[in-house]
Amino acid sequence: VNNEEASQQKITIAEQYGLAYAPVQLIKELNFLKAADPDLEVEWKQLSNTTSIRESMLAGEVDIAFMAIPPFLIARDKGMGWKIISGLSESPLGLMTNREDINSLADFKTDSKIALPQPGSIQHILLSMAAEREFGEVDRFDEQLLTMSHPDAMNALLAGREVSAHFASPPYLFLESREEGIKKILSGREAFGGDFTFIVGVSTEQFYGEQPQNYSNFLEALGKAIEFIDQKPDEAAEILADNYNLEPSEMRDYLSWSGMKFTSKIKGLDKFIDFMAAESYLEKNSYQYSELVFEENLAGEKAISEEGASQNEE
Amino acid sequence: MKSKYKQRFFWGILLAFIWQLTAVSGIFSELIFPGLDQISIVLFKSLQDGTLIKQIAFSLSVIAQGLFLATIMALLFALTAYFSSTAAGLIDTLTALAHPLPGIALMPLILIWFGSGRMAILIVIIHSVLWPLSLNLSTGFNSIPDIYTLIAKNYRLNKFEFMYKILIPASLPYFISGLKIAWARSWRALISAEMLFGAINSLGGLGWYIFQRRVFFDLPGVFAGIIVIIMIGIVVEDFIFAKLENKTVKKWGA
Amino acid sequence: MSSYLELKNINKSFETEKEKKIVLADINLKIRENEFLTILGPSGCGKSTLLKIIAGFSKTDGGKLLKKGKAIKEAGMDRLMLFQDFEQLFPWQKVINNVEFAVKQAAKNKKLKLSSVQIKERALKYLKQVKLRDYQNYYPHQLSGGMKQRVALARTLAAEAEIMLMDEPFGSVDSQTRQELQQLLVQLWQEENRTIIFVTHDIREAVFLSQRIVVMKNEPGQIINIVENKLPYLRKRSSRNFNHLFEELQSQLHS
Amino acid sequence: MKSKYKQRFFWGILLAFIWQLTAVSGIFSELIFPGLDQISIVLFKSLQDGTLIKQIAFSLSVIAQGLFLATIMALLFALTAYFSSTAAGLIDTLTALAHPLPGIALMPLILIWFGSGRMAILIVIIHSVLWPLSLNLSTGFNSIPDIYTLIAKNYRLNKFEFMYKILIPASLPYFISGLKIAWARSWRALISAEMLFGAINSLGGLGWYIFQRRVFFDLPGVFAGIIVIIMIGIVVEDFIFAKLENKTVKKWGA
Amino acid sequence: MSSYLELKNINKSFETEKEKKIVLADINLKIRENEFLTILGPSGCGKSTLLKIIAGFSKTDGGKLLKKGKAIKEAGMDRLMLFQDFEQLFPWQKVINNVEFAVKQAAKNKKLKLSSVQIKERALKYLKQVKLRDYQNYYPHQLSGGMKQRVALARTLAAEAEIMLMDEPFGSVDSQTRQELQQLLVQLWQEENRTIIFVTHDIREAVFLSQRIVVMKNEPGQIINIVENKLPYLRKRSSRNFNHLFEELQSQLHS
């Protein structure tokens, strides 16, 4: 983009709000990147949704971003030159309803609205997976979707008029589950049929190729951050609380909520590809692993298959 | 008139040509800057399978309704403000309050109060159109030469007659320019609202079409949607507004 | 003398940026029913302002306007004003519709139901009187200055009002047409019992038309004289008495 | 003038009162409909810790820049269209093309071509303001009585003199009403753009403030942001636009 | 006779919805330098249209307009037009600024540099001539009809143009002021070598002012006669010859 020299010294990271992104916040708060290279200029860009982030990356405005696997796959499938750096987190997801008479997917009437971020989002894919499994119709709920950001959706769910259900991620999932009259009728795990990585880190091949040093610095910082949360959850909660506008104790609860897991392992990629290809969300239906993940993490390939195997046994 | 279409055509072709040249030149990646060929293919496909037509029809019907309601309301507002200075104070305050508020900031409230159906979209359109239109109408009403008002008093027109015999024709240039703005604004509001509220009963309008393309990273599709909006805009501009102007303001020699 | 219209101590001033400009000072005037009155006076002395006050368009600073002893508060179709401006026609209506407008309003006011044919007929009658029948389908911007004035005259006549307030209606009309219109006006007034208050700059016009001539002066606008004109109708412009009155008025105005 | 402020004040108080009554009545949950007390506390806090002030300053500076650029551009467009009928064809086509396109539909393109920084927000503002303003200006220019144009020719005004001595003053009511619309539109565009484009290194504007409050589920905060927009809107309306009108159009007796 | 301005076979028509209206047919006219010419004719015969053609505002259907043998294509400050309309002042400028506008443009045209004091002085001089010095700070909408006409006159005079095209400038001016302004105009014309083409309805005005009188007829607008007026300046309105010419013209017009 600019001249070589300058671009060597700057890295732009797109951050998003959500507990699943906690390690990224830690990198920012604890200046892990600066520690690795004091000359590196780090720009943190906040964008409102994944689609915008993808487009910014396409424009070369963002070097590293975080998103769920399906939106990444959609872009990759369209020919974007980018790959996964590493996994970031697994997270509980849940389809929450405010309606007493709805206890399972089968109870949805055709006029009950389900709020989720957007078509093609992980929530949408998970819902489709569940629909296919239970009813054999992937698009059973497609006509009832309401595209809404999580806070708006939560608002609407609480208001209890327009929206009957919300496919929520933390912290909204946690907030909603505390409200009276709101219950979970489907978890992400149930929908997917096993564990899966919720958020992955993504970067462009260009960045990877042109700034190998920065890339590896980032990878290292990410590792450090994940380890930090793992080993010093209290301290991490203390540091992050402000960032999420929460009390530290609340933050700690959330970080250790069952199902919340920060790990660089990538799980469920194959299954997402299979499903999305089968349902023509993707044009290509088979990918070499190395087409999707940067070399440094290919070691994880085995781990993924193993995880997949173990899931199926559950 | 004829020459206008010729010009439109000429400039249209020229812009298309420049676009295609840029696309082919490869300055931008194909992902960013798809060629017209790609765009047309997507457009053609979408038209052929019928959903796009339905979506266009849906959007147009919502716009027609929204514009109609908003125009009536704007007229009511501007008229009440014109006739009563107390009402003018309230309407003034309301306009100053509501005009700068973007629909997107009001989304949570609209969702809660009006849901996400056609009603909500209508509200967003009305909120977008009402204020600028009533502003233009008010300015128009207040710019009418005094003499017409005096004549109206002299001939004892009642308020209703005064309105349609004097106020509206005398302020017609403002009305038309307000309507043009309203028309464009209603498109904008509709598209945004459809994007945010999603599809209703599987239909959704043009906004939903574009949003879906965008989400699935299909830029030619996004452009196809945009081209449809543009085409409709031009048709309305050239056939409805131009006719309206030729039959009124231009003929009166204003 | 029963006073039909009465102006009592009318005062009028305008606020400007720098001063309060007194335009009319202590105007007292009694107007008889069916009278033909003209007002003569220098430019800017307040003739138009006075007519507008009688029409009920402007508030006064003080004084009263009475019709048959009752205070007049607002405008009405009993006192119809013909403005001095060229641009008093509705540009969005054709000439014929401009005149029909008055016919319709007059009918409505008198609770008369007219068919659209009747309305058109009446409008055409007045257009013919001002010699613009052929221009019925023109829009106002397609007319010459004098033609606009004549259409405005036709519109005013078509309203068939009790009192007509005419502010220099013949300013841009050529001398021949003017004389014809003057005659038309006198004839109409004699036949149909109307009260006419007529502002003009043309002393001969005043002498030809009116029974009484109000002479005004400037700064502030005041009535300096009211001249009775007892010449018998139809008046001859070349007669000795006519010219005598003309000269008398001229000397008063030029003093 | 004085009475205008009184009216504003009166209606403002009344609306606030109704709001508070609704809030207290408990018809809506507190989460959805916070009371004015809560809103004021949040507003006060945000003002006190200084970030809101910075964000307001940021937003205002972007708006000022955007409005300035858009006004210049609209003037240029309307003027060129007025003077050259070929250019008029192009500008006409461009307006018909661009006016109905919502910023949100162009988001992908703007993101890709201009990124997500100040530049992108400016583009969104300009795109929002330019078309309605140049439309109103064009209508204004074309509604000028012929006679002024003839006089200008007669006195051999050059184009520049013609513009500032005749065109602009003669079409000022249109210009002012266009500017009012532009001002409101630029706020709307700014807030949406800030919400969608987010912030860089946490420095965002008022839109971002509102967006963050929403993300953190702080509805009183959202309303605090909205109130700030409204306040600024009213101040600009009453002090800038009202003054402008009193010093010009009203004084000229138009 | 050297022809200074020459109109050769000028034709002009307007398209209306229903017909093609011929307004001027075969106008041929030679105007001498420093001539004072008036045009008399019935309302709607095309006098204003003719002036606008000479000013360079309107295209003709055929024919040529020559100045010193060269074709005139567009408007210019050598031929300054005073319009028939009341609303020709700029409402956004005070009276004084309206007149200063002309002073400035004239200076610019002659490549003269004037200080703002000089500009104001000149403007005031002309305002004084039309007796409106006291109204310099008024806005046009605060003036009476006749006052507007006089400001417009002052503006036209202030432009100090070679040729002045005046379209009924005194239509709404009272008789005394009118006579003063007529005298002023003659004086100015005698002192400063200007060519004046003056449209009027007032036959006496034409006789008082001009060296030649063009008489026009209507439908279509044509020149029917050009009358030389050899009466010596300053003319006396009461003289026998004056009234003789008046009557002659009147009979021509009313025929």
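By letter and in written order, the chains are A, B, C, D and E; residue numbering begins at 1 in each of them.
Going forward, contacts are C-beta pairs under 8 Å (C-beta built on N, C-alpha and C of every residue); 3 or more make two chains touch, one makes a residue touch a chain.
Computed from a predicted structure; not experimentally measured.
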Chains in simultaneous contact with chain A and chain C:
B
Chain centres computed over CA atoms; the one at greatest distance from chain C is chain A
Just curious, how far off is chain C from chain B if you go by their C-alpha centres, in Å?
48
Could you tell me the distance, in whole angstrom, between the mean C-alpha positions of chain C and chain E?
28
Please report how many Å separate the Cα centroid of chain A from that of chain D, as a whole number.
37
Scan chain D for residues touching two or more other chains and write them down.
28, 32, 107-108, 112-113, 195-196, 214, 219, 254
Mind pulling the residue numbers of chain A that touch at least two other chains?
51, 58-59, 151-152, 155, 159
Note: chain C residues in touch with at least two other chains are 85, 87, 142
So the complete set of touching chain pairs is A-B, A-D, B-C, B-D, C-E, D-E
Residues on chain B engaged by chain D in the complex (per definition of touch):
4, 7-8, 10-12, 15, 32, 86, 89-90, 92-94, 96-97, 99-105, 108, 112, 131-132, 135-136, 139, 142-143, 173-174, 176-177, 180-181, 183-185, 187-189, 191-192, 195, 207, 210, 214, 219, 222, 225-226, 229-230, 232-234, 237-238, 249, 254
Which chain C residues qualify as touching chain B in the complex?
52, 55-57, 74-77, 79-81, 83, 85, 87-88, 90-92, 101-102, 105, 109, 139-142, 159
Within the complex, chain A is touched by chain B residues 29-32, 107-108, 111-112, 115-117, 195-199, 201-202, 211-212, 214-218
Where on chain C is chain E touching in the complex?
14, 16-18, 40-44, 46-49, 84-87, 137-138, 142-147, 150, 168, 171-178, 201-203, 250, 253-254
Would you tell me which residues of chain D are touching chain E in their complex?
145, 147-148, 150-151, 153-157, 165-166, 169-170, 172, 248, 251-254
